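Just below sit the structures, each encoded as structure tokens.
Two complexes are shown next, each including chain A; its partner changes from chain B in the first to chain C in the second.
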Partner chain A sequence: MDILGIVLAFAGAALAAGLAGIGSSIGVSIVGQVAAGLITEEPGKFGQTLILQALPGTQGIYGLLVAFLVIFKIGAIGTLKAVTPGQGMAILLACLPIALVGLFSAIAQGQAAAASIGLIARRPEELGKGIIYPAFVETYAVLALIASILLLQGVAL
Partner chain B sequence: MYNDIRYAYATGRIRSLQKDLVDETTVRRMLETPDEEAAFAVMMETSYAAYATGAGVSDYERMLEAGLIEAYRLVRSISPDGTLTDILLRRYDLHNVRIIIKAEHIGADYKHLIVPMGRVDPDTIAAAWHLRREGWEEGSESSHILPPASQISLPRWLERLLYRAALMIDNSGDLYLVDLMLDKAWFRGLKAWSKENSHYLYAWLVVRIDAVNIMGMLRLRAGGWSRERWREIFIEGGRVSRSKLESLYDLTPEQAAAGLIDTVYRREIEGGLEDYRKCGELSYMEALFEARLLEVLRAERYITFGSQPLLAYLLRKEAEVRALRMVMIGKLNGLPHDIIHKRLRAFLYR
Partner chain C sequence: MAVAEMLKVRLMIHKSAMNEVISTLQSSGLMEVERLAGDNIESETHEHLDMLPLPDNINILTRLVSEMNYIVNFLSPYAVHRESLLDRLSPSRVPFSQEQFKAVARDYRHYEHTYDELFAIEKRMTEIRNESARLEHDIEELEPWRELGIPLGDVASTGRAMLLMVSVNEKRLPDLIAELERHREPFHIERISVFAGRVYFLFIAISADKEALAIIHKHDPVLWSFSPGTPPAFVKLNQLREELNHLKREMSEMEKQAVAIAADIDTYKAACDYLRLELERYTVLEKVAGTESVTVIDGWVRSKDADELNRRVHVVTPLAEVTFRNPLPGEDVPVSLVNSRLARPFEVITRLYSLPSFRELDPTSSLAIFFFIFFGMALGDAGYGTVMALLSLAGLRFLRLSDSGRNFLQLLLICAISTIIYGAYSKAWFGDLIFPDYDFVGGFITIMIVSLALGAVHLLYAIMVELYDNVRHGDRAAAILDQGSWLLFIAGTLLFSLSRVLSLPTAAAVAGNYLFVFGALASIYSMGRMQKNIPARLAVGLGTFYMSVTGFFGDLLSYLRLLALGLATGGIAVVVNQIARLFRDIPYVGLLLTVLVMVAGHIMNMTINIFGAFIHSTRLQFVEFFGKFYEGGGREFRPFSAETKYIEIIDKEGAG
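Moving on, here comes the complex of A and B:
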């Protein structure tokens, strides 16, 4: 069994879950800090801020999803399949869209959601609009997820 | 990068507090009341009501002061950088220095004029000042001036100012020069800090310096003061140069103002000039500059988190206190509605 192929596939899964997770944790943390400031003054807005704080968390889930797909593809739970270095590299590259876009889009979405907290601080009735702006950032994370899934499907083992 | 994550919590909190700032409608309602009692009743609907003691209208000044003190206390407690509030509060330390020096000079009691907002205990300032230069050592910028035996501890910048003030009074006895020196010290300190830490505050300060220089030049000119006196008050750091203002000094205030229309302050100069032609007063131009200063602060709206919302909150709070004080003083003195209205221009049309 060629160990290099397996290592590359594992690296892809780790990057997808790791980088997207880092991005989400930063994004959620940003929104959480701004929300905590608002809640100190207006505890009644907890529910509204919670929705906004959850938004940048999805990238981490997408990254984990792709990592699971890789794990099942190479049989990491159970019997490992034979993965050539070329196949391993292809799996690693397939993981990069969600790893990189997940990292940066989660931080950007966190900032957009934090700005929306500023919006609902002054105009709580505009929560809907406040969710739509950061939600648009999500589009690119979803596109990256689709790209990663399709690319993984293209790697035949 | 515009956003500074260290300020995330503070910004969230300030965004909520911004809602409690007195709005234009409330100021208009106060303005349209028939007397001070009714104006005070409207003021009691604002966040300042929390500081009322039940003394009625006479309580208003204390309430405004308490509101401002609370705003600074809160911002200082949530700001990751304490120097942000300290540098703004330095103005109140300098006010107290001024009061202590003048009170000693004329032998009057000063306690009731002290503003309890500075970062330095006024009693410590007074103790240092009463030592005068006795035993003070003139040293380099970094060495102590107050003798260690005095057991008085003051920030270095304040020690140096007191020392300079003492020298000035000993040499000339002119308190006006001390006043100028203290004013310039505030601008200098703020300029140095903002240049290093906040381009946002620096942009505001540049407009403030220009406003002081332009209004100072026009006012001194209208009062028939000499060019030398104007040179003394000029503050470096604005966009309108010393040479530009000096070249206009020999003209009438109207001609001098017209000569400033080609600067970035065209709107303020034109509006103020029009009013000056009608009433012979420069107060409207001053109000327009105040409006311009508030306009500069608006840039914070585009900042998700950073020191800008905190600075804007404090500077707006100060403008708010000035506006409410203006209405109450106007009402208490029976000033006509349109006179108060004109001076409130900045607040009503920002």
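Moving on, here comes the complex of A and C:
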């Protein structure tokens, strides 16, 4: 069995889950810090801030999903399939859209959501709009996820 | 289906009946009272209308209401039935009968005493908290010196000997000692203790030895001194602890008092509500004007309630004249939505964005069907749908809910049904728990096409709503030129591209080509038609056309999120099951662990994805759908009513 192919595929899965996870954790933390500040003044807005804080969390899940798709594809749970270095490289590259876009878009989304915390601090009735601004950012994570999945589908093992 | 028709209403009543009429208005909850002033009054009548003098107890009432609010807020943490998290999310209200409500409210003046009492308790509690914090700080500072048996106030340098209380970082002590030893003057270090990484010691040297002092200062020390007369640390520590315990006892005494008072919290809640209703009545009086014998009340009423309002007023007094008229153009009309029972829960979504303005279409029923489908696809697991349905049914059955809370749970229930249908179709029950052949990536391409197709339908529907809206307002030209040509172009594009993929009849393909070209030209013409000269028309038309085309496909791609969210739910659910099954072979506890991992994993996955499905289905409405035609910005119709916050009147009076 060619170990290099498997190693490359593993690297792809690790990057997808790892980078997107890092992005989400930073994004969620940015919102959390701002939200905690607001809660000291107005504890009643906890539920609203929770929704905003959850928004940048999805990139991590998308990354994890792609990682699992790779794991299933190469049979890492159960018996490993034979993966040539070329196929391994293709899998690694397929993981990059969600890994990179996940990383940066989660941070950016966190910043947008933190700004929305400022919005609901003064105008709690505008929560709907406050959710929409950060949700715009997520579009690109969704597109990257689709790209990663399509690319992965394209790798024939 | 729509924004309710409204009528402007004017009540003219004899002053003797004013209070009764206002009470009736409040209990019937049909009319929104508007301030009678300025532009609302024809100038000739205005001269006869003086604003009524305010009743002098409105200030007292305002104060009482804020005091009662304070009492309720202060007491709620001490009430015996602590509010659960669920209660906080949707506070349930205490049932009261009309009779009890009035009885409770009658002696509201006694509650001022309670307010003073609670105010004193809270003040003392704050003092105790500050005092305790200070004591704890002192204790923390003294603790390291506990083993030093001499009175702390006596530690001082003499004429010949230097005596210092010092603490330095424990790691730096060896360096300090080494340096002092190199300095070759007599010194002594008496170690007292080590606390949190710092070593505390007595330093003794010759008074004149300035160099030794300099060496100590190099090692980032803290030099301690206590005021003369301070007893030994252990004695002082005992004193402080004693004081602290005393304060703690006092604190729990205060809490006991608060708990005792909180036993009557329902009474205070009722009184608070009663006073608030009174205050609202007085606020309405502010908006009313009158002559010496006639009072005039202006406001809005739903057209369908007009007769009922007229009847109720005349039940109270025959000395009344009620007139209605249609809203004038440009008038700020409050908005009330009227939807079928099935669509009503979706008003939650419309409100989240903004109410339609009075002259706009209510988008609720249009978005309802799409939201229903989108949510089901985005969550897409029948197991999760079932759990959601059961939870929302339980909430509807067992919680006392406000109208908006009820609407929200109904919305969740409807969305759960959509999820069950879609999940059952794709065999997703908690991932592959029930059907082992469930393949969450299998239908990938199909779901992608379905997502895009749904997106196209949604976007086309938006254009048609826009078209309808233009026609409704009599702007036929805009309807035909803006939306009509654009629809032709899109239909042409679809036919054109479908004919490449599928084998359509030749006629359709040819029609597609012509539509495509004609629609494009028509769109370019209509988009540039506002410009003066031909080059400008061409440039603006082409530019706008290009932006619209790319915008349309950008919007279309956005619907791929339905695919992505569904995949994420399914994928993580399958993985939860796989991981859980790894535990199955552990002897004895294997099955238990498997079940635990599954339950925990699925709860997590379900929560996150319900959230995601909701947010993204909403987003597709707000951005892709509303963006085409909807502005919002309406003002909610808020009838003057007897709505209570904390309590629920269980035997409402029928006729007021």
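Here is the rule we go by: the second predicted complex is superposed on the first by the 157 of 157 C-alpha atoms of A that agree within 3 Å, B and C clash if a C-alpha of one lies under 4 Å from a C-alpha of the other, contacts with A are read in each partner's own complex, and residues count from 1 in each chain.
In the analysis below, a residue touches a chain if its C-beta (ideal position, glycine included) is under 8 Å from a C-beta of that chain, and two chains touch if they have at least 3 such contacts.
Note that the structure is predicted; figures quoted are calculated from it, not measured.
Peer 1: In the superposed model on chain A, is it clash or fit for chain B and chain C?
Peer 2: Aligned on chain A, chain B and chain C fit with no clash.
Peer 1: More residues of chain A are touched by which partner: chain B or chain C?
Peer 2: For chain A, the partner with the higher number of touched residues is C.
Peer 1: A:Ala9 in the overlay: touching chain B, chain C, both, or neither? Say first, second, both or neither.
Peer 2: Once the two structures are laid over each other on A, A:Ala9 reaches no partner at all.
Peer 1: Applying the touch criterion given at the start, work out whether A:Ala106 contacts chain B, chain C, both or neither, answering first, second, both or neither.
Peer 2: Once the two structures are laid over each other on A, A:Ala106 reaches no partner at all.
Peer 1: For A:Gly57, using the defined touch cut-off, is the partner it touches chain B, chain C, both, or neither? Pick first, second, both or neither.
Peer 2: After superposing on A, A:Gly57 lies in contact with chain C but is clear of chain B.
Peer 1: Contacts for A:Glu42 in the overlay, against chain B (first) and chain C (second): which applies, first, second, both or neither?
Peer 2: first
Peer 1: Could you tell me how near the closest CA atoms of chain B and chain C get once both structures are overlaid on the shared chain, in Å?
Peer 2: Shortest inter-chain C-alpha distance (chain B to chain C): 11 Å.
Peer 1: On chain A, which stretch or stretches are contacted by chain B in one complex as well as by chain C in the other?
Peer 2: Touching chain B and chain C on chain A: no residues.
Peer 1: Tell me, which parts of chain A touch chain C in their complex?
Peer 2: Touching chain C: residues 47, 51, 54-55, 57-58, 61-62, 64-65, 68-69, 77, 127-129, 131-132, 135-136, 138-139, 142-143, 145-146, 149, 153 of chain A.
Peer 1: Using the touch definition up top, name the residues of chain A that touch chain B in the complex.
Peer 2: These residues of chain A touch chain B: 30, 33-42, 111, 114-115, 117-118, 121-122.
Peer 1: Show which residues of chain B lie in contact with chain A when the two form their complex.
Peer 2: 3, 5, 8-19, 78, 304-305
Peer 1: For a test of understanding, state which residues of chain C touch chain A in their complex under the given definition.
Peer 2: Touch list, chain C to chain A: 89, 351-354, 441, 444, 448, 557-558, 560-561, 563-564, 567-568, 571-572, 574-575, 578, 608, 611-612, 615-616, 618-619, 622-623.
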